[in-house]
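The two complexes that follow have chain A in common; it is paired with chain B in the first and with chain C in the second.
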Partner chain A sequence: MAEKIYRVNMTDLTSSIEDVPAAWAAHGGRGLTSTIVAAEVIPTCHPLGPNNKLVLAPGLLSGTVAANSGRLSIGAKSPLTGTIKESNAGGTAAQLFARTGVKAMIIEGQPKEDKWYSIAITPDEITITEETELIGRGNFATIEAVEARSEEKRAILTIGPAGEMRMASANVSVKDPDGGLRSNGRGGLGAVMGSKKIKFITVDPKGGKVEIANPDGFREANKTFAKALVDHPVSQALGQYGTNVLVNIVNESGGLPTKNFTLGQFDGHDAISGETMADTITQRGGKIKHNCHPGCVIQCSQVYNDADGNKLTSGFEYESIWAMGADCCVDNLDHIAEADRIMDDIGVDTIETSVAMAVAMEAGVLEFGDGAGVCRILKEEVGKGTSLGRIIGNGTGSVGKAFGMTRVPVVKNQAIPAYDPRAIKGIGITYATSTQGADHTMGYTIATNILNVGGKLDPLTKEGQVELSRNLQIATAAIDSTGMCLFIAFAALDDEKCLPALIDLINARFDLSLTGDDVVNLGKHILKTEREFNMKAGFTSIDDRLPEFFYTEPLPPHNVVFDFSDEEINTFWDF
Partner chain B sequence: MAEKIYRVNMTDLTSSIEDVPAAWAAHGGRGLTSTIVAAEVIPTCHPLGPNNKLVLAPGLLSGTVAANSGRLSIGAKSPLTGTIKESNAGGTAAQLFARTGVKAMIIEGQPKEDKWYSIAITPDEITITEETELIGRGNFATIEAVEARSEEKRAILTIGPAGEMRMASANVSVKDPDGGLRSNGRGGLGAVMGSKKIKFITVDPKGGKVEIANPDGFREANKTFAKALVDHPVSQALGQYGTNVLVNIVNESGGLPTKNFTLGQFDGHDAISGETMADTITQRGGKIKHNCHPGCVIQCSQVYNDADGNKLTSGFEYESIWAMGADCCVDNLDHIAEADRIMDDIGVDTIETSVAMAVAMEAGVLEFGDGAGVCRILKEEVGKGTSLGRIIGNGTGSVGKAFGMTRVPVVKNQAIPAYDPRAIKGIGITYATSTQGADHTMGYTIATNILNVGGKLDPLTKEGQVELSRNLQIATAAIDSTGMCLFIAFAALDDEKCLPALIDLINARFDLSLTGDDVVNLGKHILKTEREFNMKAGFTSIDDRLPEFFYTEPLPPHNVVFDFSDEEINTFWDF
Partner chain C sequence: MARINVTVKLFAYFRENRFKISEQEIAPGTTVGDIVDSLDIDREEVGVLMINSRHTTFETPLEEANVLAIFPVVGGG
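Up next, the complex of A and B:
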């Protein structure tokens, strides 16, 4: 199956299947989306205008049987941050894209008429069809209806009402193997898809197999690789408690942002912890373990049922639970799960929207701790696009501006996630310097600052944090290009066989002889490509800063501030 | 009366009267506010946080009998644009500040408690008093109540509900000689005052006289200067029709932005023109001529009565009438006047708010042309701080983001005013390069592009526009430092006696021997000081651009786009 570029022009509703330019051939996933966005998108364009492009790319190993290789990268200029953006998620799309021979899909232009469309991808064809029935529908109803239209088990990517309304926190959602959703959540990529008037995209399952240059080498490397993943203690904890294993751990560290980033610990942490969640799931007959894409050996997802034993939500992540829980002071896991489901259905990023809700609470829109109020606002305001709904649906920075607030936890207008940068300083460097706004996944220093993976580095001291974040951001950019889930990083940092096995997988797939240095250079190249785009869009090192209050308001219980000088932060880019 | 710096710290509610530092001595008005903001405000601070400072300064000639010298400059870091900001207005404050010996007033810090205050200035004292009665009140009721508290004819500066709610379009309003209002309107300075919890400031009328070093020379120069102003035909047109004389002129040019900047001419232009307005005022017993500050010899203000002969609004400017009229397609002058009065009372910038309303109309919030709807939304939503009111009250960019729009006429997030930069290209250079976001008053090329003042330059050609804008921006920065109204520029450009007389006034006041070159150098120095602040705040030349749609959507009737290259725009700063 030769790989091709699938290009769709929504201005004139045409499409083409093109050869892969030589400069793009070695790239996949984030490396490819960022390369294409940097090459084809005018950095100063309006993110919701016809000059922006939405680029979808499976990773280098997606579509193979390599463990955990099912992440799909989506890139564009972000309507939330104004920077280049890549967000990746599981689900079934990456693997079907790869098997269909789609190296990348580029969606450009914008319909002039007020009509909506769907796009269907098969190995030979791109079909653009006007859509009317599903406009305005939530993601779950949309997926159900699209599934009912065909007996094939197609991959489905959708936007909810938030994406249709071009809200800056809107997701692109991807169906998981069981009809649940995974979200390309950060940075408002769903609004870009909405601006191009595309309600959903399907990918046909009739694609062939991904060619493997050296099948025996591939099989051997995958065995080693999968074993390293399965054996790592963090993988095991993730399988048992999900990512939400972190609530108690981060709370203990004093870095769990609580009550809109005014405290580092949450009194209600036990009630929303991974341990409580696992017990509740077991009692109610949900699933402790669940995979977000076929081939995952960690299975950190889960199915969370309501008190009556009916499925309430799945893919119930630590960052979502932290944001709606500790940051909003909601200590009721059922309210949080309901909010999570509503956000999935509307199609908004759970981090962006929940952090926005906490700022709205500080502004007096509702009381801290009012979980039922949160659900009502999500459903009746955000989902329906009322004025308050638009304020919240456009993210944390939007709420801060609307109500004239100063405690607004964003970097490059993207909400800061679940680790306070005052008490966990390494992650603060990642938030500040990331090419994409505040994002823990860009350089997850929590591994070494908190989990003692890849060594230990005291989260409260400054020393070594810039280097730690730099090394992790470089490695992450490379990993995000493979289609691998970021959770392979724990094993990669601790098990000396893991990373060589991953490189062997790539070499066996493409008949290459990459070394570890090549991977590091790939990561560096991606970061620099992204940063260069941002510079052309008007960003400078002055945008690589945390909000003022992190420098001036000490965070209990450690009573620490973020105390890196501008010069210290700027050394991040010395590579 | 020795000039002093009056400093108020709102964090600990202390104040001091300080000597003027040598570096500030030669500055006044905008030159002084920008010098102080650049010296004392951290460029990256949150505009609504305790590290921002609100700086008020009368001009170098304010408080003297020099014609038209009653403008008060207010500066800060703008919550709307994030840039340095100076906005100046008439009213009675500049003259009383100067006579009280206030070279500048600097308000810093922020109360920790949720209490409101007023500040009273006398020659010897600064008094900070807690205020409860007037919180939540509109500007007119506030001024009436403050006037009723004292028999003295004090100057009064206030914020309305918009400033209290820290909306980014909030004015600082200044009482005019008759109880009407003038507005330091652009850039949300009222939100900065509100963030410091100051409802109003009064200035005592018991100050002495401003010392004049050479009274005879001053008197002589003022005679020449005033004659030049009075004799100029534009001054005379302004006295007869107000600034609204421009509606028909700009409409004729094809550069009257209409229906949210989609057309260059407005069918209803006659109904909202200065000519119609003057007839209406005459019929209803209003005032055609009215001065916004004592000593004005142009008197472009007016009092506009309703159909029953009761005062509806005053200071009814072209840009406000254009924005609520042509840009919103409202062709009913009474609706526009009512909207103007409501905006004055709430305390929001009429340009920012009305352009925001036009974007809201395009977004479907209300119909184009619905003047009654505009008044309702201003009163019930903006004035009361509902969610929709906050979206609109935070300006045009805020509305664009809330509704995911792409036709959003702002530069550096400040609304583009009443002259379309596609059909009047010189003003486009001013909008793009101004240190303060889109603002016609920063370099009013309309003079030469449309009014044939200071020569003629075809508005539709690119040649010479950068130079024109540059020369006017430099001159304007200097004029804004004198306390002079910008409308002296018409005479200064055409009458060779005008500018020397203005320089003679300054020399006679301070016993100096400034030349024309010194004035030009002062203007250049101010622009560079402002730009340097912005660069430190994170701005680059990439922010010196118009929104994308001006480059891609031709404007009828000339069907022209804004076609300056980035490089051409950047040459603005070659001085």
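Up next, the complex of A and C:
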């Protein structure tokens, strides 16, 4: 199926299916969303106004049989950070977008009337329909109702009440193969979709397939690639314990942010650890291994049941468990799972919202450790859009401002995730310099700082951290363009056959002859494109800093501060 | 020479048929690698070793009151 640009204008409710401009042809995923946002969005525009655009793009390999290639990138100017934003997630959307022939979908403008809409995409048609029934509904009910309206196997992307209320932590949810959700979580992209009055999008390829230029070469490369993934021991641990295997190891290292970033270890770590979670899942008849999209060979996801054996949540990730657990001092996995489900349903980023909750706890809104209180506030305040709910739903920075707090862990107004940058210094460089606010996935130095994957670098020393973060951020930008799940990076860092096989896959798909250098250059190009957008939006290198308390408050048990000078951080961009 | 006391902690599947945490009395000079071998853990499967929350190596000798943590190769994000 030839690839096209599917454009929707919400101001006049028109649409068009356009040829792909030559400058965009070699891009996919994050590279494409960032290229389009940089080309078409006015950097100084209001993120929730008619001049922002929401851009959705499957990766270069999405829709093919390539292992782990089903990540969908969504980009826009972020209402949370004010920077360019790309957030990617699994689910079935990337594969079905690609099979429909969608290279990218661009949603622009804003309806003048106060009406809600849905958008349906098929290979030949874009249909915009007014929606009344599902407005105000949670994501689970919305997906169920949309599924019931058609027999076809369609991808469904939705926003929950948080997106409708244009909260800066609102995400876009994507249906997974079993009716669970995966989220394009970070940066408030759900609020952008809500500002354009779109409740949900469906994608139906009508039997379409992705064309492969060289099928034999593709099959060979995929064999090598999938084997490298399956054989890597990290992949095996991910299958057994999920990403939550990290709680104990990060806690042991003294870098697990606890009690709103005042401690580096959590007394209740064992109760929320991956080991305990795996035992609990087995006892309750849940599923240890689960994939977020067909074709994943790692299967880090899982299905977590409540004490009665009923499904409570799926895709129960380290980040969410850390944030609601250690950072809020909640040591009860069932409370955390319930909070996770509520956040998925109302459609907010679990990291942003939980870190915001920890700041609210420090401010005295509720006690640290009050898991039941967290669930109540999520449901009754955030979900219903009360004043307190909107303060929390607008993120960590918003809570900090509203309550006059100084310990507010954000960079470019986005919450810092599950690794303390004082005790794990490489990740601090990533948080500071990322083009999109604090985000561990932009350059996951934890691999080398903590896990001894891709080499070893002492987390407590400064030497080599800027270079490590730079190399990883460049590689990640390229990987995020392929549609690959980032967890292929563990194998890519250690197994010399993995990355060449990935490049062979791209070459066989498009009949290209890319080399490793081309891929590195692509990564550099993407980072520079994103940074240029941010500079035009008013950001400077002064924004590439951590909050003051990381420089002044020593973190136990190592009693260390973040001690990079401004000049040292600035060298990140020397490439 | 007097023996020394250390705490050994195991994680993920290393716990299966072994233990989660154990206090051990060992001879001075015993290395991290000696402990790993004594537990019948394949060194190849070890991903991360920490003494008192700092990364360490198989060759490091343990000292009184050390807490040794042994992890298989793991990852996440």
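The rule we apply is simple: the second predicted complex is superposed on the first by the 573 of 575 C-alpha atoms of A that agree within 3 Å, B and C clash if a C-alpha of one lies under 4 Å from a C-alpha of the other, contacts with A are read in each partner's own complex, and residues count from 1 in each chain.
To be clear about the criterion, a residue touches a chain if its C-beta (ideal position, glycine included) is under 8 Å from a C-beta of that chain, and two chains touch if they have at least 3 such contacts.
Here the structure is a predicted model, which is why all the values come from computation and not from measurement.
Participant: Check the residue A:Asp458 against both partner chains and state whether it touches chain B (first), chain C (second), both, or neither.
Facilitator: Touch status of A:Asp458: second partner only.
Participant: Does the superposition put A:Arg166 against chain B (first), chain C (second), both, or neither?
Facilitator: first
Participant: Which holds for A:Cys296: it touches chain B only (first), chain C only (second), both, or neither?
Facilitator: Touch partners of A:Cys296: none, neither chain B nor chain C.
Participant: Of the two partner chains, chain B (first) and chain C (second), which one does A:Thr44 touch, if any: first, second, both, or neither?
Facilitator: first
Participant: Pick one for A:Ile424: touches chain B only (first), chain C only (second), both, or neither.
Facilitator: In the superposed model, A:Ile424 contacts neither chain B nor chain C.
Participant: If you look only at chain A, which of its residues touch chain C in the complex?
Facilitator: Residues of chain A touching chain C: 233-234, 237-238, 240-246, 248-249, 252-254, 265, 274-275, 300, 318-319, 440-441, 444, 446-447, 450-453, 456, 458-460, 486-487, 490, 557-558.
Participant: Applying the document's contact rule, which stretches of chain C touch chain A when the two form their complex?
Facilitator: So the residues of chain C touching chain A come out as 9, 11-13, 15, 45, 47-48, 50, 53-55, 69, 71-77.
Participant: If we count contacts the way the header does, which residues on chain B are in touch with chain A in the complex?
Facilitator: 44-46, 48-49, 51, 79, 165-168, 191, 194-195, 386-388, 390-391, 394, 398, 401-406, 536-540, 542-543, 545, 547-549
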